[in-house]
């Protein structure tokens, strides 16, 4: 069980604001931190890791006090047994990929782990390269497995999949899911991607301007109506084009553009940029693998 | 018209490989570079920008020769009239956000542009901050508008949306689309996100191990059919749950989770992680503003 | 341990010859430590391991003796003579007055603050009422050695230096020089003292060398280097 | 005990002029070395450090030989431009610049080598020339290194006296800088005056250095 | 013309020992300054540069006063540990270390300040102590700055002679280093010998510097 109750002043895009989080995370859960850019996700992760100190706050992990500003307790980063993947990767530029991993290894741990991890993310061939010679996604993978080398109790991931292609992303998500279960990890993942969160997280903390807007299981949070054969999409109006007596509204919804026929009266209320919901009463979807 | 015909040796994850691209990009098109991590996307962009020289090759833009290794021609980066958004943002750490933008401004350009751009990406409040004090997504937005300040002829974007939340991402995509049309830009965008590509690109170059695997319009390439009042969504299978004689398949599509009822036989072919298309024959959508 | 003799720069040539002769005679070796009298004095005060000090004047050894760093009072071993020196062929037979000439841009003189030869040189210039005419041509060398360097490098056209310098073997045939009338400056009495550091066998060696300085052979060496010899004391300098 | 302030002024003038020149000369040289991929780069790097390994007054002696009107370089200067480098302020400046060159070049080169390449590239893609990029992007990003080079050069020029003593000729008001003045007092066993000079030199230098470092922190923070 | 090689050996020994000590003392000091947020940081930074602003032989004079057995510090050392710092090799080493300190501290501090904080943080999250992080992550990432500090200190110790002459006393085989030997020959107007010494000093130093820079390039490339 992780208890967090912290306060920190931040200067946000909309002026000064307080990052104020009071929540509990149960052991071995997979929690996603969701929220707009600048909401305070990275800051919260850094406070958990001990890289940043809040003005006021308490952090307790499994009954052990990591931070208590009132009692001036502050467990050093090193003793927090965490794995952290930085948004900018923070690979050591003077070490090769292998050396980066070996550095992370605890002395007693078996050195074969390095090779196994490299194989897992398909980087064996690049093991002797310096980070500067890697592509963005390759760097991200190195950062990810480096954080796993110590088999930490808590894994903190700051957008670890943002530069990965869909295939690699899914593969790594699965692997992290597996590792999460295998090593009984508690994982906190910063992500912007609802689908991703839906896939691997069992709880979401939705931050907005430093506050917890909502939190709970992903499907409850993202407000989907679970009714089979019913569809509700949200999207943005791209264009409203008159076509005879009716108008055709193009709506961008996720990865699709949907054209909807509306009456002239309805069309008047719709303008490009509007957020709209699309509902369907009689929807008989057919699913096909591609 | 941009003609590219280049060769460069790369050390890929799977050993050495040749980046070999021979293609043409028409003026004012919006081209997406798609491909796995390490496929050579960034490298191609850097070669186009003049930041990297291929072993052999020709680049011609609107009849003007930018590069010809045989004739030893190499137009300096500065004269290529490009905008470049780096994967690591490359903001100038000693300048504030505003100064970063002002630096990019051509002397003759109106200084009001800086404020307008800042407003566009919702960063006015942070204009006087140094990049180190920004969140990842905020940095990305600054990098993006900085590249646009010079109203370049060709815009090169290396995963410019990877650290943005869905809303901001969509907003910026729309803005780039608009700018692309407004300034008659030719835009090359590196992206891993099919949906994103589908939304804003009109052509995709799919790189794999340094070679062009396929290229063409996104719907042809990713196989989407656009029919009004018809819906076709692509998504990923999240879960397949038996429910009596039928099974319920949960599919993540964009920002929505859709549940589809399938027969037991159909369910056997579907596994979590599969990419699927969802079609509907009889779809009578209702649209409502929210 | 070898005898360590600290010696002022101007006396180093004569001292070197002296050490050689001493060695031939007594088979005892000595090491020279060449420095400025001021530095040597500062170092002796802080316990420098020197046995004997051949100064460029009487003032420094006198100070040391008064402060108790020596075993006796200083005694004059030689009187320096000032010479006017030129590398180029030019008429300097008229003495320092040549420095006022059109063709002379720079006259090198030792810094009177740090070198006794500088004091003497300025006394001579003043005595000849030349100071105002040459003062803008004067460049000051930290020591006699630097004055020599100014002349030898061609940076200065004329130099007022010690006669012992131009008499030194390394300077043979380098330019021409004339002696400055010794009545124009106060005699440059150079003193020697045995330092407190000399003890036991070292003291015996130091005393032997001290005696050698004042022996006829030693005096001949100083004479050969152009020094004026002080009159021998009635009892022959035995201690 | 009369304390002459002239040497102090002269020293400050010398230090300011020499440091200024060192910035003008050393920074481009450092930039060239940092960017160079020449096979002989190591040779040039070693050569830049060489003035250091000679004792200052020996270096001064050789500079004296070189600068003297009867020497080649000095003769040329003297006949062509009527410039005399020995026993003149100009000579002191040149001598100090040569001697302090490594203190400027090395730190700045090291600083330039640590700037991420993407910053330079970003500036190029924004249409900025190499020169503009150098001044607007590279230099501001190596402030600590520039500061190091400036402080080391400045302090070293203040304290340096071997070279200056040799080629300057200790001419009051012209080439007698403070370091020589203190030295003279020590040599003359005039310790009280030496103490006063040394203290003055320390205080003034300390004041300047403190100002520099404090300003630097201020500027850095904002 | 007899060339004594002893001073050369002594010089190399001095330069190696002093540079080694400077690394031991200067690097931690630089690290402390780089990390410090103390209000008095600027004061400490200025103090580190101060040995530079005194002429070497004047600094040497004050060190002589301090180190001498009749002085406070020297007296303490002499009575407690029977260590004598004046006119001994140990004194030369200490004097050189004090005088060359800024050449080590400043570049290294500047280098450390330019390392991105995230590298340090990443190492902490990997459970590595501050010390381990410092040696395994920070130092390797400021190689150019370390090289600068080492080369400047080394070269400067080779060429330095004012301090060494004053506190060493120019005793053959003990404190007569090469720089003093050249100086002596120049002082004795024995120019041929001076040229030979100077050339030797230049060649040896050049050789060492070239080796250092070449090795550095090699190591960097791999």
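The first chain written gets the first letter, and so on, giving A, B, C, D and E; residue counts start at 1 in each chain.
Convention: contacts are C-beta pairs under 8 Å (C-beta built on N, C-alpha and C of every residue); 3 or more make two chains touch, one makes a residue touch a chain.
In this text, all values refer to a predicted model and were calculated from it rather than measured experimentally.
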Which chains, if any, touch chain A and chain C both?
E
Please report the minimal path length, in steps, between chain B and chain E on the chain touch graph.
2
Among all the other chains, which ones are in touch with both chain A and chain E?
none
Relative orientation of copies chain A and chain B, as a Cα rotation angle in degrees, nearest 5:
175
Need the most distant chain from chain E, centre defined as the mean of C-alpha atoms.
B
Calculate how many whole Å lie between the centre of chain B and the centre of chain D, each centre taken as the average of the chain's C-alpha atoms.
51
When centres are defined as mean Cα positions, the distance from chain B to chain C in whole Å is 86
Intercentroid distance (Cα basis), chain E paired with chain D, Å
19
Note: chain D sits from chain C at a C-alpha centroid distance in Å of 36
Any chance you could list the residues of chain C touching two or more other chains?
39, 42, 149
Find every residue in chain E that makes contact with two or more other chains and list them.
57, 61, 186
Touching two or more other chains - residue numbers and ranges from chain B:
88
Between which chains is there touch?
A-B, A-E, B-D, C-D, C-E, D-E
Touching residues of chain B toward chain D in the complex: what are they?
49-51, 76-84, 86, 88, 90-95, 103-104, 106, 146-147, 149-150
Can you name the residues of chain E that touch chain C in the complex?
57, 61, 64-65, 67-71, 86-87, 165-166, 169-172, 184, 186-191
Residues of chain E touching chain A in their complex?
116, 118-119, 121-129, 136-137, 140-141, 143
Name, in rising order, each residue of chain D that touches chain E in their complex.
41-43, 45-47, 49-50, 52-59, 61-62, 102-103, 106-107, 109-111, 113-114, 142, 144-145, 147-148, 151-152, 155-156, 158-162, 179-180, 182-183, 186, 194, 198, 201-202, 205-206, 209-210, 212-214, 216-217
Parts of chain A lying in touch with chain B, wherever the complex brings them together
11-15, 34-39, 41-43, 87-88, 122-123, 125-126, 129, 133-138, 140-141, 158-159, 162-170, 174, 192-195, 198-199, 219, 222, 224, 226-229, 231-234, 236, 248-249, 251-262, 266, 269-270, 273-290
